[in-house]
Structure formats: structure tokens, C-alpha cells
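Down below is the structure, laid out as C-alpha cells.
Letters A, B and C mark the chains as written, and numbering starts fresh at 1 in each.
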Amino acid sequence: MPERFHQILIDASQSIGERDWSVRSSDLGFDGDWSISLQTLRGGRQEGVQLLEIDAGALKVTLVPTRGMGITQVEHRGERIGWHSPSAEHVHPSQVRLESRGGLGWLEGFNEWLVRCGLEWAGGPGPDRFITNTGAEAEMDLTLHGRIANIPASRLEVIVEPGDPPLIRVRGVVHERCFYGPRLELESTVSIEVGTDRLLVDDRVINRAANHQEMQLLYHINYGSPLLSEGARFLAPVRRVMPINEHAASAVDCWDIYRGPTPGFVEEVYCLEPIPDATGQVPVLLQSAAGDRGVLMHQRVDQLPCLTLWKSTGAEDDGYVTGIEPGCGYPHNRRIERAHGRVPTLGAGEARSFRLEFGFLEGHDALRPWVEAIEASNEKWCRPEHEPMAVDDPRKA
Amino acid sequence: MPERFHQILIDASQSIGERDWSVRSSDLGFDGDWSISLQTLRGGRQEGVQLLEIDAGALKVTLVPTRGMGITQVEHRGERIGWHSPSAEHVHPSQVRLESRGGLGWLEGFNEWLVRCGLEWAGGPGPDRFITNTGAEAEMDLTLHGRIANIPASRLEVIVEPGDPPLIRVRGVVHERCFYGPRLELESTVSIEVGTDRLLVDDRVINRAANHQEMQLLYHINYGSPLLSEGARFLAPVRRVMPINEHAASAVDCWDIYRGPTPGFVEEVYCLEPIPDATGQVPVLLQSAAGDRGVLMHQRVDQLPCLTLWKSTGAEDDGYVTGIEPGCGYPHNRRIERAHGRVPTLGAGEARSFRLEFGFLEGHDALRPWVEAIEASNEKWCRPEHEPMAVDDPRKA
Amino acid sequence: MPERFHQILIDASQSIGERDWSVRSSDLGFDGDWSISLQTLRGGRQEGVQLLEIDAGALKVTLVPTRGMGITQVEHRGERIGWHSPSAEHVHPSQVRLESRGGLGWLEGFNEWLVRCGLEWAGGPGPDRFITNTGAEAEMDLTLHGRIANIPASRLEVIVEPGDPPLIRVRGVVHERCFYGPRLELESTVSIEVGTDRLLVDDRVINRAANHQEMQLLYHINYGSPLLSEGARFLAPVRRVMPINEHAASAVDCWDIYRGPTPGFVEEVYCLEPIPDATGQVPVLLQSAAGDRGVLMHQRVDQLPCLTLWKSTGAEDDGYVTGIEPGCGYPHNRRIERAHGRVPTLGAGEARSFRLEFGFLEGHDALRPWVEAIEASNEKWCRPEHEPMAVDDPRKA
């Protein structure tokens, strides 16, 4: 049996930063045909951005350590899972001006399959309070979805555990920290057993400060063609379906069905209250129109109690996409989330864990039991609301 | 006859990005002595910026792919054409904070002979409306002269067409794009026939979005010493000369004559209505004080109906300079330009072409016919106005 | 005797930028064991940042040319002098968004032992007037402590003068310049005689513009553990001790004594009026709790008339630190400093010199004479005030 393999690719504390690196199963005496590689991109706004690719057979997963350990795409048995963002390049964080476009600058780099919104704040732009150096409360303009997706990883390591099948793990550490500000650390581990159709994302957020610290975390997991198309369905056992505004409310009757690419489509957002199973997990399924393909995600409500569905099914060229967004809260501005008690606080040194499990399904048989169980739950419990979600905004109070 | 030469130097889609590269005529079996080279700069704020130099004999042209395919300078038979900006280095876009200095951050990198202002917006900073992710109209602060000059090219290629003389072409592609924002593409081609005194800039702006999109484009073409000096003249056949403000109005009597470097000089801007010739072209001439040197530009009014003259003849050390600015409009904030109908809209997939032709002239004989023709036109038609240009600002309405 | 050694490591004007470089005494035929090395960092937010380390025996000094020639730390006979900032990495300026966090973005990179605040402005964020391109006065939001610490050096050179002992000098040039803005140049020279405990910082600020220009310069010199601990003392001969706000006023009775790390501690800032000796110099001492270690700084009041003491003795993990801040003024926003006549103006081409001399002391005997002299002065002259400092703010007038 080959030995456990461990390689550090980035470590800022030791000034380690590999440029181009790869390893194949055969190099390490493993059976099978899998590989892991690091590439440094060239050209345009992606100059210097690094991609880490895990080719584990059935799944090929591409991470972007330079962009906060996001996952840019997954290839499942030859089919690309992700979307086609107008931001086609992997934009380097130094080229992203978060404050621009009225606080929407984050959208200039947004192209990932899985991107994290957080950690000091997530959600919509706009003013919220913060504590300055003088200890006084002041107001700052939060920018859309925070900073973590635009911070390069300070550490990146690859581990392969021998076994049958072997287990590939890629772990990254991203620091969101500032003097007189937060000291939040994201430790993210992506795991795949070679040859399987299952992907695990295990995150820990640690408050390294000596004081308690608010945090927000919302996973923005995005799907476009070909999985998304007219007639594709979103399935999750939920109690309430809360349209985020009038516009979404007017379309609530088909909240869980997708339209095809529709030029001029304006986003529809639904805040959902998921119902966990006996183990505390919620199965969330995106099902292809033909019903024979899907991605099944499990979130744990003790970790991520909220779920948001974002439909942005505009023209293909404008980024035909839906976002499935498990989170500590919903994507409102932090001042609103706080008013509703959805902004967790970490004590000094405290850590929280967040696990997402993804299964990439093929064939009606694989999807059917999940579809049936979720449909049964929703028939009984699901109550789509026809009025926009009530929002307490302390600024308007 | 040697073969057509084609080399890709940058292509983000293939992660190609040459660092230092060059080719000489003799390498390719061409006669004559010309060369093309790419250099990656080091040091200060220009670390990583790339320059592409075409040495075509009579003309030596230096492009900056990293700064939106601007042209930093031209050397014409040993004389440098351009200006001496206080921003002496070619500042990397990642070091330019467009939002800083009240929206004037663009000025930190401004040092080109030819720089494009655009594409989503150009002109003065200040608020204008835009459409957010929710489909709602909101306000954002536009920054001076837009973003295109601070976006690295995603593609750069060199083509040499055999012939007598051979034709050197350098083509770059720059993407100004953002999710829930524009998808504008600039394809810029600079062409020089070896040994000639003529430079062509052929730009296409393409709307890659599925929806119509506003665009602005203004070429900021800048001249300092030695071509500019006391007594140098600006010549173009124009109907109206509209001072942009009271200050410019007070100096309108010598709107087309330059002063020498004048410490404390405050900029004077004149918006001009050019008169095209029978082919739709406008000859625009900057003539040296001695009358024996000049740069002659041709713009087409169907492409670029407006022309602006910017005089900023402060001290040599502060950037003694004049800008000649053919554009789709004038350099007001976009909300003002829109109110006057000078902001074009591109349909989905639509492209517009823009051609500027530059002739670098030497000797009185070369300049005289142009001077005489323009003087004759202006004697008949040119009406400098003594009141500041009327401006409809929808915010003040 | 070996020859004078001179090496240029960075020169943007020649596109010189060494990546990794070092020289040892023996390489150059010098006796003794000293070295100078340049390293380019990898990983996280410090990718591409360069460190220049001088190992001169008793003192090991690390400069950061990429961050405006700041000095990140000093190691004195094995003891690290500096502090442990939450911003543990040397953050690349392209990753620092000065405008973020309500103008406090500077804090994201703040981790130096000696960092300069300036040059166009220093001090607190907030609105101040400036002159736009049109010659009009407008308002812009100044960001905390200005830009110089986030501009990469355009020139870096190393000089070794033979002698007994040899003298090592590292000189850097940083340009803070912008069209229609300042053209300020910092030329900074750090000198150490091999084997000594003395460090000289000689700065010149030159106004390269053709017009007069305001400037601000405040040195932020920061100490944490182990030199700083409960019972450590600040000593300098001062006349007035002016608390910057109510909070500092309430703690003025122990303004010169430090607490240990205190979670939740809110900064206390005292503006001081130093008393020079007969040669115009002020000795400023930070003394360890045991009284047997210290750093003695000399500032010249004709160059730097003001001195500020910043106490930020929060928890070790949040950055337990004190700042000793000799400056042209105090760290208020520039509009306030101007109203009090503390913003110098440089004429066209004018330069000002600033020298700071640091002695790293060991043993009670080395510290005692300084302690006694300062105590004697303060007993006679020092008047801590119990009311917050009066501030004329023209915006509130």
C-alpha cells in the first residue's frame, strides 16, 4: 500500500508559493488514474491567478485558491457543472474594486460554481454600523457579499490518504483580517474519494481575535446550462417560501420551476425555510428538465439554517444561472439580518464548522427516491407566500 | 517573398502570456530593418506592465496592452511625440484606484499619447443612473473617463503581411464586462506600413450582451513638448467653438493658439462641431510653432461626430499638454451627454467601428495645403462662442 | 581596504527589478560577518512583496520597498523589536483598498515597526478640500494616513562604505504623484554602522511640481511584546500632554505608563509638545518594565515639531501595541491640522529633510542617564491636561 501523501503548495508564513505543479497516481505508486495539478494563469485580468485541479475519475473539480478557495467548476463524467458568467476570466482580486458600481464590484469577478459570501459580512450592499479605532460606532458601506472570495489563500495543501478507494483532500486557509477589524480564518477542505460521484466541502470559520466577532456565511452555488434549462426543477423540503420583493412575489406560483434563457429576465429571489430530516440534514436537489440528471446537496440546519433560491435565467450570453444558497442567513444587508437574529457571533477563539455534501446523480432511478420524498414533504408542508417577505430594517425604524 | 507572419502573445482563454519576446525583419526573411518586441516592466508601480514596441523605421510606436491597448508614445524620425506626464511610470491597473480623489483616480495612471475613455462611460465623474441586479434603477458614481484604460488586454497578436512595403499590424482585445453589467469588447488594431509616416488605429466596439447597451468612446490624444510650444496651433474645420465653462469662455479669442508652459495655468476646454469633407472625414492638425512639423489626424464624423480641444499648458514639470479628443460625444458626465443625445446604444451583438488615421508631417510644404484649406473653411464657418456651452443636466432639471 | 560597494536593485526608469539577491561581507572582501539580501515573498496577500534585510551584526533590519520603504521589524541582539499585527502578512499595496471601511482601509496592511503616514495627507479620514482639474475647489474624502505606505519604491540601492566599521546604507525612492495632483518624492536612507546598536533614518521629501504643495509626514513607530508589557514606560521631555478626546483625558493620570494586554482596551492618544535640548533634539525613550531595555529615538524639532503617543494595549491577539509618532503635526484630519498651522507647504522644487536616530539600549546603566534627565525635565515642565485638546475644525466653524 502506498504511503500517505502530503504536499504544501502555498504557505505565506514560509513564503512558499508553487507556480506550476502536478502529481499523478502512478508517481506515488497508487493504482488507478487520477491526478492533482496547480496552474498559474496568464493573460488579461487573470494574470497570476492559480487553479488547483483534482481529476478523480468521475469528478474533476477546479478550485481557485487565489479567489478565496472558491470552486470554479466541476466536471461530472464529461459534463460541465457550473455556469457561463459574463466574467469569463478568473479575475485576480487585485483587479476587483469591491466599492465600485455602488458597492456591486464583487460582480466583476463572479463566475464560480461555488463561491462563499462572507465572512465579516455577506449580502446586499449598503450602510451598516461598525466600531472604529476610537471605539466609537460609525457607519460604513458594506459591499455586496463581502471580501472572502477576493482574498488569496495563505495556505494550500494536498493530502492523499491511501485506501480503497484513495481519498484526495485539498485544504486551504484564507485570512480575512484587519487591525481594528475582524480576525476571521476560513479553513476549507474539499474531499473526494477517487472514482466516486461525491464531493465534500468541510469549512471551519475561526475567530482568531481576542473578542467576540460577528460573522456571516452564505454559499452561492451556481448552475447554468446544460443542467439548467427550461423545465429544470428545484426541489427541497421547505415550510415557507418567502419572495424577497414584489417582483419575486408575482412569480411565486412557479417558484421551483425554471424557464429557459429569457432575455431581459429580472432576478427572482426566494428565501426558504428548509425542513431537516431526522439527522438534521436537508436534501436539496437541482433536477434537469429530462429528470435524468441532477446535483443533490445536503446541508445541516444546525450549521446553515437558511436556504435561498436565486433565479437569474436571462439570456445565455448574459449569464443564464440559478443560485442555490445555503447560509447562516438570507442575502439581505447585514443590518437587516442582524435585526432578524440571523448574524451569528463567535466568541474569542471559537470555531464553527460547515459541511456541504454534493452527489452528482445520473439516471431517473438515482433521482426518483429524492424527488418523491421531497414532493411528499412539500405537498404536506410547503406554503409559498404571495406577499413579499417582511423585513425589519433598523435604518427605517 | 516571405510568408505572412502571425504570432499570439497574449490569450487569456488559453492562458498564454509571453513575458519578453521580439522578432526582427531578418528573422522572418524580410528585407529592411524593422522589429517588434514585447517587454515586461519592472520596478515601482509599473511592475508587470507590458509594452509592445513596433519599430517600423520612420515610426516607432509603443503600445501598452496592460493598460487597455493605449499608445504611450510615438517616435517619428527620432522626435518623441507624446507628453511628459507627472505619472512618469506606466502604472499597473491594480495600483490605480479609480474611485479615489473624488472619482479622479484615473489621473494617477494617465500618461499616454493615445488613451481611450470609455466604454460603459467616459467623461467627468459624478452620479448617474444604472440598473442593479434587482432590475431597479439606482445611482452610482461614475469615475473619470471610465475603465477601459485600466483593463489588461485579454488577447494580443502580431501580424506581418508581406508586400512592398510590408504591413505590420498589432491587434488587441480588451473586455469590459461584469455580471449584471455591460459586456463590451474592444478590438483594437494598429497598422503601419514599414517605412511610412502613417499610423492607423482601427477599433471595433462590440456589445456581446443579449441586451442593448449604452456605450461612450472618446479618444484622448495628448501632445507636449517639443511639438507643443508657445505659438503652436490647433487647426480643424469647425462650425461652433463652445467653451465648456466661464473660464474657457474668457480665453476663447485665442482658443486655437497655444501658450508656452505657464505655471498655474488652469485647463481650458472647447467643444467643437467639426465640418467633414466630401468623404465624411475631418482633418485635424496640430502644427508646431515654426510651422514645419505637425500631426495630422483624420476622424470620420459618422463614427466620431464630436471633437474636443483640451488645453492644459501648465508648467513643464506639471505636464504641459494639449488633448485632441475625437469622440462619440463631449467629455461631460454621461447623464449630461445622454440628455443631449450623444450616448450611442448598441443592440445585442452589434458592433461599431472607429478609425483614426495619423500622418506625421515634416516640412512646411507638407503642412501648407492642410493649413490653407482649414483656414479657408474656418474663415467662412467658424463661430467661436463667448458664452459657456449650455448644458442640460437632468439632475438639475 | 575593500572598495565602496554600490548596487542598484530596483530602478523603474531602467526597468530594473531584482527578485532575489544577496551579498555577504566576504563576497566583497570585507572583514566581519554581515550581509544584505532581497527576497520576493510568495503566498496569500503578500505575493510579490519584497523584503530587504540588512544583517549588520547587533542589528538586523527588514525594510519593505514594496510598501513605501517602511521598516517591518528590527532584531536587536536576538530580540525582535516591532509588534504582532493581526495583519500578519506583508500585504501587497494592490490588495489594499484605502477607501474601504469608511476610509480606514490602510489598517489592512498595517504591520510595520516604522511606517510613514503621508505625504499628500496623513491623519484621520474624512473630507477635506482639494483643487480639481478645472481649478475649482472641491471636497474629497481623505483616507487614513495617506498613500505613501502603499506605493512600491521606484528605486532601491545598496551602498557599503568601507571603514572601521563599514557603513551600510540602503536608499529608496518612492513617488507619490498624480496628474492634477501632487508630485512628492520621498528619498529614504537607512544607515547602520556594522556591529553598532544605532540606526539612522534620513528622509528627504521633495516637491517636484512647479507649484507649491502642501505635505504631511508623521512617523508611526510601533512597539509590542516583549519590549512593551505591563509597567513599561514612555519617556520624553514634554511641556503639554493633550488628550485627543474624552476617553484619553479620563486616563491622563497614567499617560506615560503602559498596561499589559487588556482585551477590549480602547485606544488612548496623547498629543505632546516636546522640549528640545540645546542642539534642538528631543530624546524619546520607550523603557521596558524591568528598566533594562529600551529604544531611544532622537527627533529634531525644527524638522518634526510634534510628537504623539498612541496606546493600543488590547489583547495580544488583537495587536498589543504602542505607537510613538514624531511628525510635522498631529494625527487629526488634514483640514484640522491646516486650521492649526501644522501643514507645511513646499515651494516648487523645495526639499525638506527629516532625521530620526534610534539607539537600541541594553542594561540599566545604558538607560539610567536618559531616564533621569527626562524625569527631571518633566518634573519641572510637564503639564498633563485633563480636558480633551481643543480642536478648530473649519467644517464645524
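Observations on the structure shown:
Simple rule for what comes next: contacts are C-beta pairs under 8 Å (C-beta built on N, C-alpha and C of every residue); 3 or more make two chains touch, one makes a residue touch a chain.
Please read all numbers here as calculations on a predicted model, not as lab measurements.
Interface of chain A with chain C: the two copies contact each other largely through different residue positions, with under half of all numbers used appearing on both sides. Its C-alpha atoms superposed on chain B, chain A is turned by 120 degrees; the angle is given in steps of 5. In whole angstrom, the spacing between the mean C-alpha positions of chain A and chain C is 41. For chain A, residues touching at least two other chains, in rising order: 94, 97, 99. The residues of chain C lying in touch with chain B in their complex are 10-17, 48, 93-94, 97-99, 130, 132-135, 138-141, 143, 151-155, 175, 177-181, 183, 208-211, 348. Taken together, the chain B residues at the contact with chain C in this complex read 39, 41-47, 85-89, 92, 94-95, 97, 99-102, 104, 107-108, 110-111, 245, 247, 263-264, 266-267, 312, 314-319.
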